[in-house]
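Heads up: the structure comes next, in structure tokens.
Each chain gets a letter, A, B, C and D, in the order it is written, and its residues are counted from 1.
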Amino acid sequence: MTGRPGGFRIVGQSVRRTDALEKVTGRARYLSDMELPGMAHARLLRSPYAHARLLHVDVRAAREVPGVHAVLAASDLTFCDPFYGPALRDRPLLASEVVRYEGEPVVAVAAVDEATAAEALDLVEVEYEELPAVTTLEEALAPGAPRVHTAEPLAGHFSDLSSLRAKPGTNICHQFDYTRGDVATALAGAHLVLEETYRFPRIQHYSMEPHGALAQWDDEGGLTVWAATQNPFSVRSELAKMFALNASRIRIAVPLLGGGFGGKTYAKLEPLAAALARVTRRPVRLLASVEDAFRTVRRCSARVRLTLAFHRDGRIAALACEADFDIGAYADIAPRVIQKATYTTTGPYRVGHVKLHSNAVYTNTTPGGAFRGFGVPQLVWGVESMMDVAADRLGRDPVDLRRQNLLAHGEEFAPGDTPVDGKLEESLGRLAEAIQWSAAAAPGRAKGIAAMMKASVAPSVSEAIVRLHADGSANVLVSTVEMGQGARTVMAQIAAEVLALPLDRVRVVPPDTSITPYDQTSSSSRSTTMVGRAVQEAAQDVVDQLRKIAADMLGEPAARLTVLDGAVVSGAQRLAYPDLLDHHFGMRGGELIGRGVVAPGRTKTALGGSTPFWEVAMGGAEITLDEETGAIAIESYASVSDVGRCINPQQCAAQDEGAVMQGLGHTLFEEMVYEGGQLLNADLAGYRVPRAGDVPPRLETLFVENGDGAGPFGAKGVGEGGLIPVSPAVGNALARLTGVRMRELPMTPERVWRALRARTRPTTNP
Amino acid sequence: MLRPFALHRPATVAEASEILAQQGRDAALYAGGTELLLILKEGLLRVKSLVDIKRLPGLAGIRADNGHLLIGAAATHRAVEHAPEVHARCPLIARVARHVANVRVRSVGTVGGNLAFADPHSDLATAFLLFDATVRLAARAGERELALGDFVVGPYETSRRDEEILTSVRLTPWPAGTTGAYVKYGLHERPTLGVAVALTVAGGAVRGARIAVGCVGPRPQRLAGAEARLGGWSLADVERRAGEVGAEAAAAVDAVDDLHGSAEYKRDMTRVFVRRALLVAAARSAGREGHERHPHTVVV
Amino acid sequence: MSAIPIRSSSSVRCIVNGRPVALEVRPEALLLDVLRDRLQLKGARRSCDMQVCGACTVLVDGAPVSACTYLAVEVDGREVTTVEGLADGDRLHPLQEAFIDHGAVQCGFCTAGMLLTAKALLAEDPSPTPERVAEYLRGSLCRCTGYRKILDAILACATPKAAAR
Amino acid sequence: MRVERDLDVAAPPERLWAALWDVPRMVACLPGCAEAREVEPQKRYEAHMSQRVGPISLSVPMQVTIADVVSPHSLALEAKGRDGSLGASVAMSVRLAVAPRDGGSRLRVEAEGKILGKLGALGHGVIQRRAEELIDEFGLRLKRAVEG
């Protein structure tokens, strides 16, 4: 298409990140670095109770503190819709009448500085009447359980969730069902039927940068919010509803993010910052602390009951899944998490008979939402553990059994749904080779593997604009958020490749909804595929315009012209871009604007849209165990991702190394611990994230590159997949080492120690 | 964010004590601040004054004193890690100091602050117990010296009176022929368990044993029963029967449930790590260094 | 040393990134806030706010400290180095170069603290083993990279053992 | 946290019961509790509770409500309060049951409580032990008061 025949100039190269220099010199700017003249600082008063009636909120004394600009309680929010939420508008900006989780905001204050704001909050008097709380799935699903919500909230703004199926009279806020084939008959005829239950804990994203927003209203009633968000357009539509404003009057600008991992999708602190800014008539910055972040969003915990049946020859006969996801006190995007993840429970395997059911269950805990993997890790933990249980029972090799059941390249995931776009067998083969599966493990060691296949969000829209300036440099306008994943670098690479420009002639503009075009979200591993393709199209649009101008100048058909090193060439003739623009506009000025739109639209599949690509990742762990303490050590880990093509191999490796380590976190250490409705470890003294010392001595990331991805140059998404196989790979290795099958995460030393003590029979594994 | 306070920088211990006596619970002693500033930021403690004692003359010193090792309360962990006097007299303490918390806390945090805060999940107090540590408390009225075991009375609780200042800790170096080890284990920021052991061997037999266990309970403790069991054992006995001592220690230790683990688990880990620590000490006594590596475990 | 307590502001003179600085600071002012809000040195960042994560690491007289839990008055008479002071003009510090080359930078929120901690380590031990580097970074958290590339970058800046002797 | 204790008292059940029903006096047996007074007879009381955990002092005006009485066998009360400066809320429910035993009586104490806010999370692990000590001391003082 472009570039030198047979290869690429920039795509496929590990070019330096375009933001690396500013980041190593301390010049990179994040939300917390932003200040505006007259800016007020906001703080929140949070509920100490998991569930309580708000009898009385008295903010009078707080308002009297010198330097306080505004103190808001729910009753003051008369100037806006006080509810928000992407799936259900069930979440109040400030608790009204009832608090539904410990840490829910009750009062917000904006003051001249943080100290004054804190002083004011000390003077707020709140009278609570404690109500019985449900903090576990068991409590929430018990007959007659206290209800977290009693009123039906308004529908949110997502079409795929327009028909949320709550179960009236219970804490179930949404149910998902999917059936294919006839599971009952398949089970009856199966050779082996396994039924097991797996549990996944509540996990905190722990982005190094907590949430934050800075809001300012202008004199014409327009609103600007600088937000640490992964999807500015969702924030915009939330604020548009809340303040009854046209989208065109709202501007969401996004600086660099200090990590996201899904925790910064959808509105979080932006509505409160905007409300405070409205009342104070000045810019208001609301920065979350780490403790606040623990009370803002988390990963949904889950209890997953799986039935997995096999034919005698090892083929999967049927799969049934009953999953309960604990989504906390407000829905956030959890309804989509549960249906999207549950729909792909069968992962990379061919399963004819499938019956899936999942519940999104409210509890009195921090709301659950999106988190790297979007519900899939919770299910894969169970399914991939059971693949090994099955291999053991069938006397089969775990790699072999998986290979037998893998979907083929081009095979539809489900009838009418996106065909498999990678070569799953190749991934499995590469993995087995990388961890030397066929070689016996050394004494005291064991290996385990796991595989996963995940859908990206659909329907999905990404748009891009490429502007080629008169001097031959270019801007790429996209709303992809740079949160560490390297998207800005990758977009620049794609544009530079197509435009035949050096990388330093291309600059990607930071997201700003009033300037950069629509993009649904920077999540779901979708940016390289969707936005990347839009950038490719937009750049190609510019190239086509250039060739047309050149064709006009040269009197040659445009189709015969190519671009090379910043010029359109035809044989020995070379027309540099500035000259072409000069000719076109008749002056040194003007610009060529290219446009790219990627919008696959709706389909008739179960969720109304077919994934634009399949994210495929497999992982293999080799472990040792301190049998006396129960502590697992990961000696070696190999991760294989099918990415179609690496646009930037170093950044792909960086993504997967990070994903594996984050996966090790929830596999071995991480868990938000509640007692009596109180979160006990909302800080790093009690919540343990992986450290440098936890990196396995050998950590390898491999990529399958067949150029068969749906994205630009045959690339596709990466970033979530690497995290997902970690838990079952480690659990499978542990089972092979000890005969002990763990079914609950994290596999902390104490939990493994207990399991080892309860062990009744020695391992039957090879 | 910290709420306002006045910062006092007294020139003498007497002056510092005077301020403390006048202000009582409205004043807090400040040295490294690594613990104090945290609870102040969290609003769990509100004071009108901080009394900065780290500049008091001599308080940061580390020196030999009549055969003992005297560590000034304001000496940082980092200073302890590097001090030649510590390496010469109580080398285990230098090694323990090198692994306290993280490098930033070690740069700033002080020995006195660590002991006086009495966080049950701390390394130093456990290791100090092995050196029959005493602490010196000074006030206007005079000084007193207390055994460390009498000073730390519970979690975050010491017998320091409001007007008293912990000025130094005195360690008694081990007799010749003594080797020791400190082993800590844990997943979280602070250890789940710390075990310090020392064996004095003469004529091929254990003549004295010291075992201290910390972090698992309200305060670190010496385990006399377990120590006594080792008396007269040969190094071979220790290597063979260390598990018995571990079991004895586990039975004697006071363990509590917390986020670091259940009391039951901590008790069993006491068994495991007392044995492991004894094996390290015994191997060192026999002139062998090197030990098996275990996850989440630091051996010094 | 003075018997008169510091109740309001006191004057602090120090060297920040090689330049003399004189400031009036209140006793309760934290070094991190003074650096970020008064001196506009935004490279040190607040994350865990409890000395565990290392995002706010700066060097005081060469020693790494958590600026989030460190009184600004303490830097009086001392030398402070922040990430902004690492490069020599336009010439990056070798650690900065190595972090870029090894892809050790992702979101960048931990980067300043990582660089300064690594600088302190290499000053103390120019030829650390990989284990020593990992151990020294115990209090330096990164949620993006998985650490592998950070460790590689730091080790690339170590003096080879033979040369160090 | 939860604490359960059985305590033998060398006094007849009636005397023990009478001592419990003297709520201000009974509440004052809890270490750190002072200024106990009656607000509404046999229904609502007030007391002030102070506790120290190292450098941290908790000072809470408590409202005590009698939740359930099965005279002369058992008494359930609930107490709650808040330390505004620490942002810590304390909530307790205590059930005291009296039964005859070997000529004397046996008092069963079942206490359940929580401290909400930062202190509660931070003190997790420490608070359980402290609560046990408090209930033990409460039992001793009550016993002394009744037997003496």
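Convention: contacts are C-beta pairs under 8 Å (C-beta built on N, C-alpha and C of every residue); 3 or more make two chains touch, one makes a residue touch a chain.
Remember, it's a predicted structure, so these values are computed and weren't measured experimentally.
In this structure, the chain pairs A-C and B-D differ in their number of contacting C-beta pairs, and the larger number is found at A-C. Relative to the whole-protein C-alpha centroid, the nearest chain centroid is that of A. With centres set at the average Cα position, the gap from chain A to chain C is 31 Å.
The centroid of the Cα atoms in chain C and the matching centroid in chain D are 50 Å apart. Spacing of chain B relative to chain D, judged by their CA centroids, is 36 angstrom.
If you average the Cα atoms of chain A and of chain B, the two centres end up 44 Å apart. Taken residue by residue, chain B touches two or more other chains at 1, 3-4, 43, 189, 259, whereas all remaining positions touch fewer.
Each of the following residues of chain A touches two or more other chains: 680-681, 684-686. Multi-chain contact residues of chain D (touching two or more other chains) are listed as 85, 87, 124.
Chain pairs that touch one another are A-B, A-C, A-D, B-C, B-D.
The touching residues of chain B, when paired with chain C in their complex, are 1-11, 15, 33-34, 37-38, 41, 49-50, 55, 78, 101-105, 107-108, 189.
Contact residues on chain A toward chain B in their complex (touch as defined above): 114-115, 118-119, 626, 628-629, 631-633, 669, 673, 680-681, 684-686, 688, 748-750, 753-754.
Of all the residues in chain C, the ones that touch chain A in their complex are 36, 41-50, 52-53, 55, 82-84, 86-87, 92, 96, 99-101, 103, 105-112, 115, 133-135, 137-138, 140-151. Taken together, the chain B residues at the contact with chain A in this complex read 1, 3-4, 43, 185, 187-190, 259, 261-262, 265, 268-269, 272, 294-297.
Interface residues of chain A facing chain D in the complex, by the touch rule stated above, are 48-49, 102, 122, 130, 675-676, 678-682, 686.
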